[in-house]
Each structure stands twice: as structure tokens, then as C-alpha cells.
């Protein structure tokens, strides 16, 4: 049996790298209503999934951007977060846009267009910072 | 303006590499009902999307496998085709499985399990052939 | 206020025209578990929706075939029923296939292909009967 | 055969309890375009479904909140209405939040987060009124 | 083999009729990021699908409006574009609203209500222009 | 900070109660491909979600049955598992059927019918065993 605390800790490290301050932000917003929510999200999403071996983080994030694009505009905030994370993990703007364009074939053209708009917004913020 | 015939031709070449005989199979099945269907699918999916520059074909296929997994079991036949194509394009079994596992966070656990089952079936066929 | 019993009766007539025996079949299958289920389905789907004025039944059925195609293969049995109803209401095989092909742009290519397969199966049964 | 008018009337009563003024609001907004729309919605949703025996209204509303959460952010206005109705029917804030958190496993984490945000907004309005 | 350039040209003509200036708008917004994107959308959506024979454009657009309604509010901008196109192609406000109401049975009541709201907005803009 | 190992252990207990042998079955099927998969599923689904306080397990399962019904037939195997679990947790056949019928309003009528068919199959197996 693995040590579940070690998995939680690797999740904390991965979350902190990709989205600094995320656990605290989640805790501040949701834990009063749902005790332990923030820790559980970090453990599940980052410890049990993102921090796994076997697929590099850049590809993981491109797959996620593609899937959120195909699932449609209802996940817009999370799509933007993952596009920004994919940029941090080394994906180019073009690679992200190509992954989204490909989703026109699977999630439909409206989903593709809406996701490209999300990407353009994230890329525009990059330039503001630069 | 690009030459649309050249795009169709690069689509034919890409389709033939990934799924030999696909255009003819589609034509035999659907063109009597929908004139020109097979050519249009090859042109749109392969010429206008898969054969584009800017993202390597292995990553394109991993993104597609992820998205079809997240969209759920209704696309099972196409998911299997894309898993097999991803293998041809150099993705390992583990990488494909990791891309699918990640989709548990976005398409839900049933979608993840169903997609893993599709992958296991494709991988089992590989070993039969070997 | 309209007479709700009249709406139920026009629903019964519409259901009987499009799918003879449907209410009885539903009642036999579901009413022991869910009292009144068959009548409610006939009232809601046929009395309150399909039997309305303002859009001809042939177009209503083509719209339904399109939507079920776009929603994906999970509604396969209902898609087949509606394709058969659309044929009864005067839609040609080609029109149905075109409505489905168009859905490639909105529900994705796998959904389109799966719906075309459903249509081919319905059309093949027509020829068996002929 | 049941009396369809009685079903419509029990629907009117249920709608009036959960969402006072709803039928009139729907009629004012949609009936000029779609004659009889408001009455049909009340009959179908409340008379034929919500007012049924066999499952208490509090659980019905928790199930609905869960399903709308899983279906994703595109049903935000209706999700908020049903969260408020679930509160009226006796569900605690915690119960609603737990039902939503569970949906992370089925509709994905973005759908869960978006639905929790909807709940927080409804709960904040409660406190403003109090 | 068909001439792919002729298909692209018929697509351009169809796009220009239904949405004047669309290709240029798409190119201005997306082509720097995704070379050739606008042309590919026009070729695929209009040349390879909308401009096909076998189903009249008015019905094609009603089917599309229905499908986008059923797929849910995440495609709101595209739904509005297609409602406006359906009006141009000869569909009455009532026909469009009926096609949407029917989708309550397939995409659920929230999707139906959200799509009716989109239609009301498009119809209101018509009257402003008149 | 909570002890993540304790959460994993409560997950194991919950999984064993609702689905005896599940972790071993998952491990036997998936862990060679995805190291640690079975433990992660048990930890995430049962430890971090199902075993939480704040909502009784019977209601949790009714919500899940509703959501899987609304999401559509693609999750059929998991829907059947959850219907059987809801029965074990004390839900009546009628309550489960009512929760599903209600989903006709949110996931559409085909999803409702397909889920009722799943329920009928699970209930028939109960009687075989009895």
C-alpha cells in the first residue's frame, strides 16, 4: 500500500507549481460549507492524477485543454486556467490553438470557436504582463 | 488563397497512413446515400485538420483520445480507432491510459472507466497480432 | 384555460398515427413501477409538443432526428424511432441523411457517423418490408 | 383514465408553492410567441412530474440539483431556481453542497466548482433577506 | 473526383449570403494564430455541408437551431447566428420557437428555456432594425 | 491537516460495504496498465466523496442515479451499479424510478427511458436472487 499522505503532499507540490495559492483560495471560498473540500480537490486532482508518472505534464495539459474545449463553453473558467498552465508547462500558443481546432471535429464548431476565444483572452493577458 | 485540391490530397495521404482503406470504406458505405460524403470527411478531418502543421500527430491523437474519453462511451468505435492510431503514431500504452485516467476529472469516472475498457480491448488486439 | 383532456386526446391521436400501439407498449412495460407513466409520456410528448400547430410534423421530425444525432449515440433506439417516423411523415432518405450529416458540425464527426449508421439500419428495414 | 384537468390543477398548486408567480411570468414572456407555453410547462413539469407521489419533494429537488450540476454550467439559472426550491423544501445548505460535490465524480470537477458557485450565490441571497 | 476549389468557392458564396463578411471577420480574429483557419471553416461548414443539395437551406437551419438548443446554452452565440440565418432563409418566428420548444423533450427544459431566450433576443433586434 | 491514510481507509470500508470486492476487481483489471489505479479510485470516489458526512448515503445514491440518468445511456454499467447500491442503502424501487422519471425534464425523454430500462433490469435480477 502506498502512503496516502505522501500522495497528498506530491499533490500539494504540483498544485503550488501550476497554480500558486490555489489550495488556500479554494479553502477560503468553499471549506466553511464543505469541510476539507480544498484538500480533497488537491489530493484528487493533483496528487492522484496530475502528479502521476507515465505522461509528461505538458501533454497532460494539452489533453485537458482539448477535452475542456470539446465539452463546451460551460467550463470556460477552468479552460482558461488550464490554457495558462499549459503555457507554463512549455506548450506554445500555436500548439494550444491547434489542439483546440482539432476539437471542432469532436465537440463541434461552436465549441471550437468558444475555446479559441478563451485562448485568445489568455494569450492577450500574457502580453499585458510582458 | 491556398489550393483546395492540394489540401484534399494531403488529407488523402494522412488518412491513408493512419487508416489505410478508410476513404474507400466510407464511400462504399455512405456515398450512395450522401454523394461525396467520403471525400468530404477525408478533406475536412484529415486535409483541413489532422494534416496541419503546428502540433505533432502523436500529441494530436492523444488529445483526441482524451476528448473522446471525456465525451463518453457514445463514441466508442471512434475512440478505438483513435487509440489504435495513437499507438501507430508512437504513443505508449501507458501514455494513452494516463491521458484517459486524467479525463476522470473532466468527463467523470464512468467515462474514464469506459474509455479504459476500450483501450484494453485495442491493446489486447495488438497482442493477438504480435 | 384550455381543456387538458382535449390535449391528452390529441396527443393520443398523434401518437397512434406516428407509433401505433405505443401507449399500450409503454404502459405494459413501465406502469406497474410508475403509475400513469405511459399516459404522461403521451400527454407531454405528443399532446403538449408534437401535436402543436405552428410547425409541420415532417420538419418537427427532421429537427428531432438532427438533435438526437447531435446529442450522440446514447439515444440510438429513440433516434431510430424518429427516423422511421420522419419517413412516415414524408421525409426522403436523402433529406434525413443530409440533416444528420449537417450535425457533424455541431455534435462532432463520431456522432454524425453513428447516426448515419442508425439511418442505414432503418432504411434497410424499409426495404425488407417492401 | 385519469382526469388531465386534475393533473394540470395539482401542477398549478405545486408550481405556486415552489415558485410563486411562475406561470404568469412564463406566460408574460413566452405565450405571445408560443400559445399555451406557460400552461404546458406547468402541466408537464409540475403536474406530470414534481407533484407525483412516490418520492418526497425534498429528495426530488436534491436529485434535480445534482443532475443540473452534473449537466454543467449551461443550466445556471435553472440550477439556482432549484437550489432555492430545495432550501424551501427543507434541504440544508450542507446537504445541497454535498450533493453537488458528489457530482465531481460524474460531471467532472469544473461542473462541480461551477455548481458550488451557484449555490454560494443562492445562499448569500438568503442571508441578505434574513 | 470533384474539384475541391469549386467546393470552396460554393462555400464562400453560401457564407457570404447567410453571413456577409464572415470569412474576413474570422480571418482577422484567428488566422494569425491558426494560419488558414477562416478559409477552412468556410470550406468545411459552408462548402462541404450547408451548400449541399438534398435538403433546403431553411430546413437545414431549423435543424441546426434545434440541435444547438438541445446541446444547451454553451453555444449561445452560434445559436443566435443560426436563428438569424433561419429568419433570412424564410423561417417564421413561430416555426423557430416551435422547433426550440420541441427540444424540451430531448435536451431538457432548461436548454429549451435558454434557447427561447436567445430567440427572443434575436427577434427583438429584428424589430429594432425595422 | 487530516490524515490522508485515514481517509483512504474509510473509503476502503465504504467501498467494501456498497460493492464488495470492488478494489480487487479494479486492481486486477487496470493496475498493470495504470499503477495504483484501483487504490486511487477507492480513495477519490469513496474516501473523499461517498464516505463524507453531511448527506445520508441513500440520498447520495438517489442523486447519483438521477445524474447518471440525465447524463445519458453512455454510463449504463455504472448506472446499474448505483441503482443496485441505492437498493442496498434502503431506496425503494419506486423511489428510484421516480428519481429517473424526473430526469426526463432535464436529460430528455430518451435518457429517461434508457435509465428506466436499466432499472428494470436491475430489479429483475433482484427477483431472480430472491
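The first chain written gets the first letter, and so on, giving A, B, C, D, E and F; residue counts start at 1 in each chain.
To be clear about the criterion, contacts are C-beta pairs under 8 Å (C-beta built on N, C-alpha and C of every residue); 3 or more make two chains touch, one makes a residue touch a chain.
Given the structure is predicted, the values throughout are model-derived calculations rather than measurements.
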Shared interface partners, meaning chains that touch chain C and chain D: A, B, E, F
Using mean Cα positions as chain centres, tell me which chain lies farthest from chain A. C
Based on CA centres, what chain would you say lies at the far end from chain F? E
Two copies, chain A and chain E, superposed on Cα atoms differ by a rotation in degrees, nearest 5, of 120
Chain centre separation in whole Å, for chain C relative to chain B (CA means): 31
What is the distance in Å between the mean C-alpha positions of chain B and chain D? 40
Considering chain D alone, which of its residues make contact with at least two other chains? 34, 44-45, 49, 54, 68, 70-75, 94, 97-98, 101, 104-110
Taking chains as nodes and touches as edges, what kind of graph is this: line, ring, star, complete or other? complete
What part of chain B is in contact with chain C in the complex they form? 29-30, 33-34, 37, 41, 44-45, 68, 71-79
Interface residues, chain B side, partner chain A - complex: 44-45, 49-50, 52, 54-55, 59-60, 62-71, 75, 94-95, 97-99, 101-107
If we count contacts the way the header does, which residues on chain E are in touch with chain B in the complex? 1-5, 7-8, 34, 36, 39-40, 43-44, 48-49, 54
Chain D to chain A touching residues, read off their complex: 72-74, 93-94, 97-98, 101, 104, 108-111, 113-114, 116, 119-120, 123
Touching chain A in the complex, chain C uses residues 70, 105-110
